[in-house]
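Here is the structure we will look at, set down as structure tokens.
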Amino acid sequence: MAKIRASIIGGSGYTGGDLLRLLLIHPEVEVKSVSSERNKGMPVTKVHPNLRAITQLEFVEAAKIDTDVDVMFLCTPHGAAVKLVEQYMEKGMKIIDLSADFRLHDAKDYDRWYGHAHSRPELLEKFVYGMPELHREEIKKASYVASPGCLSTSAILALAPAVAAGLVDLDRIVVDSKIGSSAGGASGNPSTHHPERAGSVRAYKPTGHRHSAEVEQELGELAGGKKVTVSLSPHAIELVRGIFTTAHCFLLKQGLKDVDLWKTYRKFYKDSPFVRLVKEKQGIHRYPEPKLVMGTNFCDVGFELDSNAPRLVLMSAIDNLVKGSGGQAIQSMNLMFGLDEKTGLWFPGMHPV
Amino acid sequence: MAKIRASIIGGSGYTGGDLLRLLLIHPEVEVKSVSSERNKGMPVTKVHPNLRAITQLEFVEAAKIDTDVDVMFLCTPHGAAVKLVEQYMEKGMKIIDLSADFRLHDAKDYDRWYGHAHSRPELLEKFVYGMPELHREEIKKASYVASPGCLSTSAILALAPAVAAGLVDLDRIVVDSKIGSSAGGASGNPSTHHPERAGSVRAYKPTGHRHSAEVEQELGELAGGKKVTVSLSPHAIELVRGIFTTAHCFLLKQGLKDVDLWKTYRKFYKDSPFVRLVKEKQGIHRYPEPKLVMGTNFCDVGFELDSNAPRLVLMSAIDNLVKGSGGQAIQSMNLMFGLDEKTGLWFPGMHPV
Amino acid sequence: MAKIRASIIGGSGYTGGDLLRLLLIHPEVEVKSVSSERNKGMPVTKVHPNLRAITQLEFVEAAKIDTDVDVMFLCTPHGAAVKLVEQYMEKGMKIIDLSADFRLHDAKDYDRWYGHAHSRPELLEKFVYGMPELHREEIKKASYVASPGCLSTSAILALAPAVAAGLVDLDRIVVDSKIGSSAGGASGNPSTHHPERAGSVRAYKPTGHRHSAEVEQELGELAGGKKVTVSLSPHAIELVRGIFTTAHCFLLKQGLKDVDLWKTYRKFYKDSPFVRLVKEKQGIHRYPEPKLVMGTNFCDVGFELDSNAPRLVLMSAIDNLVKGSGGQAIQSMNLMFGLDEKTGLWFPGMHPV
Amino acid sequence: MAKIRASIIGGSGYTGGDLLRLLLIHPEVEVKSVSSERNKGMPVTKVHPNLRAITQLEFVEAAKIDTDVDVMFLCTPHGAAVKLVEQYMEKGMKIIDLSADFRLHDAKDYDRWYGHAHSRPELLEKFVYGMPELHREEIKKASYVASPGCLSTSAILALAPAVAAGLVDLDRIVVDSKIGSSAGGASGNPSTHHPERAGSVRAYKPTGHRHSAEVEQELGELAGGKKVTVSLSPHAIELVRGIFTTAHCFLLKQGLKDVDLWKTYRKFYKDSPFVRLVKEKQGIHRYPEPKLVMGTNFCDVGFELDSNAPRLVLMSAIDNLVKGSGGQAIQSMNLMFGLDEKTGLWFPGMHPV
């Protein structure tokens, strides 16, 4: 089979950079071009020095991106993709957008969570929400995929089986996430200055985080259309890559046992190779940990029932730049092109790290 | 005034060591002796090298501790203090126990949370729960104080005003804490080996943590005796000293505004110099952060109302070894001996750090 | 005695901020005013949130600084102090400059190391190099003190006794320093963005670092005026506060023993309370460590003889913002005003931290 | 071609674990069995949780290791391999020993650096020192390879071209290394307890480190048999994986220019794909950095000439568990079996990380 030809719009940020890292080691992909307005003409390795000796690519401006490709990845800031997609749609290529521009199906949610109307609401229905664990069959048939947010991914994968099974109170779902600094992007600001950020535990958006919208949308679908309210509070901690999400739920009925949850989770994820259930009786690594999935596309999921309260604690760990970003996008790409979804992504993380 | 003469039982651990650090700079205290069975005869500075040039003390075995003192601090493991206190009570000194042995008023709670009956339940009523912000007047009159746990301190101080004011659903209080490695004590185990522990985010006890008992006891008193259920989940993160607690509560009534919470919290803590309310409109340091209180006795408290859900997010930051341990014990000591509670503890943390 | 009245020019950076922290807990000092052009009118605690509840000071612009003081501290960027000092000299106050503007005695060294001529070379001789361990008596009599650089302090204190005793080859002194991010100041740049800086080991100036000039000047004096060549290479490592310096020297003669070095170092520092010799036979903390002096004015110094080569390894650990900056400035101030040099600075660091 | 069948003796430590990670993703290798006395019968993933879903292997005891293999990897503690190798030699398989047992050619060096005589000195000559950059052709023909130490690798690769070209004083080579905690192995001790080790900068062996012997041996060969004295001082810093080595050398002649060094280094490493020369004029990543090679087999090398002294600063960065251990062993294996040495190892690191 000929390789999948791919270009990347917006390749100088962390999202584009890690997508590029993964595409360069994908056995079925050829990266044709990568854009960056600021760095055009410069070797990609000036911005992503990890790729030294691996690639000779140079950044081009977006207007000169190679569009004779099978798939275009958009790694642009929020609000930029919506202005770009139609020109690529016209050329017949598939599109995978890693920004938030097409993740929400209801244009009103953009008003509410992003503070302004969506400029092309009629395009929203053309995009599939690119989470294979929830929408595998749709993605296989999709031309356009909106790849999920990183916090959303960690929250949805922890919660989906429990919500789909009707186990928990949909009005009182607390999602307390711990997240690394790379999720804030490649541009610094006073809060990311190392002496300020190092060793910090900072509730940077204890209420009102935009990713809540995606989580409520997807869990609402799983709940058969019922309204789901998610209280999401992300915390910046000392970590570069990784998200650990603790979802605290209140059970609707008594008597739930570990074995029931095992069954529910195993069944839900039986066809999802990148979700690993982690719940051991003893040892250091009883629950998911972001360290163990760093650099990989795995999402480790665990749970614990509270004997003191009708509470279920769900946990997940991902690498925000892989399963929470470029890795998940490639997983969708694999499906869109008829490949095994593991292709190019089936490698382990490190231990220790 | 003559200085307060103090001895410490169990001075080689992190709790005893940091208590000693603080007592050595307290202007009204003279440390008479410090015990350690394992290190008897050794200079204190072999175990606590930060104290080099500051003290010439040597460890003695507990049996040789100087009991001609005004106050005895017990920094022993759980279950040890209960065997020791009576011999000191007989000598008329005041006692401050930093272990869990006398924190719970109801002996049955020891069965439930610690897994065995309390061996001397009749002593429980002799101890005051040593949190000045809740029990200042009792502590002033107390001879025996049970100094609170570190997680408990962070949870209670975040929640107390809201619970006392009847604002939140007492059945659904989620306490999600992020905690440094020093809270696990000075003895290593496989999970604290640096390559395993560094950079980790680990839910080491997502349900059933013993400190829940203290939190439920104290909040229950503030709630006028109502049953309070606290769902406490501590997470080990990359940090040595410090606890950040996020308490997610569900509001009982609509319409609560920031200004109401400000009033509630200001009033509750108006006589409590070590609680600082931190909630800024902008900037890096809008909410509490453990870094900023490291080494100090401050507990910074903040809050945020959720406009998407009837949720109130409460936050607190302490140094687990100071306000969560030796500092709070000295704060109680100050009150027990008629000193200003700030004495010897009124110094700021560092920035940056 | 009336308190020493002090003002600070340039109080919004890390140097000024930590100086302020230390002055606020100094029992014999009253801070009259602190300047910041950018933050004038704002509470000091907006910039230094660690000082919440400790001070109500607000920043003033430099032109409005309170000059009715006994001492003015200058914490301005390189090149700014030289323009400011004369107006303060005229008012008769003492001046302690924490910048590099007056540290070098020979104006030509500014040409060479700073790349431009010193604008007021005639002022250089009015300043004493403010390192009490080398110039205690001069500082006592000084009106104007140039407080040393942080790397210089760590290098000089490690090397001084060995150089003064004529033990080492003055042409081949390698100073390999490991330094925290706070030394780069409060303003961020791409290299201090947390995802880039965290976990890094970066040789940011392997040759040609400006602090070399101070080290060569001071060691040259100790060597009786001989030329000393120092090869200084600082490395940014994962640390916020702290410098660890390893000085590798080549011995001039054979047969030197540990006991000789002990004697040499003990004698040299016998009147210097803030230098602690650290060299233990076993245990974790055999050599100096920056963690143990964090927040304090101590400089821990150690050494090791190499049996495989005629090499002497000297080590030192300081907090760059205390002994390497504001703490050392206060130590000088204490001497200038006839106080015990330990006043306000005699407290231990933390362990663990 | 049939896959290379491999077994690992000693697979529960960090060296064995990371070797296993790399072998499992190697397209031409089949891992037949992995031994661990302590964990026999347990799934490999209990000890190496990063490998969950990747392998179903279980540990066997060494006596039951599958010896019907093409290559045996030994990841045993120092002193153990020497007792094991002959039984494997008899079966005709190739052997790659990752311990120190066969790295030194001269048995007397074991006396001197390891403190006891080598028990089977006659075997030493059967082993090739497994650094492909120095011994590529020998390794291709070798049956037995002694894979280098991690510090040695970083020091030798930084220094080799300069030493081979006769540029530097062979009596005064200072090697100041900064190293992560994983190099100390999987077994904890008080110095690796997280609260002690985190944030530390610790000179744990400022003189007399055993890896000096390998460095002196290899550099001595490159210097045409001249005696080379290396003064190696490793420092434990806040890092899990990675070594940064700064080698300070004194030049033998004046006038050396950057371009000369570029030529020298480029030529030396022209056939060595894993050595990347890193020396940029500007930007964050001008010199090698361990972060950028984490998880990979790259060794990044850089240099800087000192204009203030006749000094050459050489720098290198590796992952101690890959190029410093299992990765380099696989690189040798590739050569021993006629594969491209990049096979299975040609993937980039992460950025940011």
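The chains carry the letters A, B, C and D, assigned in the order they are written, with residues numbered from 1 in each.
Note that in this section contacts are C-beta pairs under 8 Å (C-beta built on N, C-alpha and C of every residue); 3 or more make two chains touch, one makes a residue touch a chain.
None of the values given here were measured: they were computed from a predicted structure.
Put simply, the chain farthest from chain C by mean CA position is A. More C-beta pairs in contact connect the chains of A-B than those of the other pair, out of A-C and A-B.
Work out the mean CA point of chain A and of chain B, and you get 38 Å between them.
Mean C-alpha position of chain A lies 46 Å from that of chain C.
The set of chain A residues that touch two or more partner chains comprises 14, 182, 186, 190, 195, 199, 238, 240, 289, 352-353. Listing the residues of chain A that touch chain D in their complex gives 14, 17-18, 21, 24-25, 46, 48-54, 182, 186, 240-241, 273, 276, 278, 280, 283, 285, 289, 292, 294-295, 298, 300, 321, 346-353. By the touch criterion stated above, chain A contacts chain B in their complex at residues 171-172, 174, 176, 178, 190-191, 195-196, 199-203, 206-208, 212, 229-231, 233, 235, 237-239, 242, 244, 246, 248, 250, 284, 287, 289-291, 302, 304-309, 311, 313, 315, 317, 352-353. Here chain D touches chain B in the complex through residues 14, 180-182, 184, 186-190, 192-195, 197-199, 238, 240, going by the rule given at the top.
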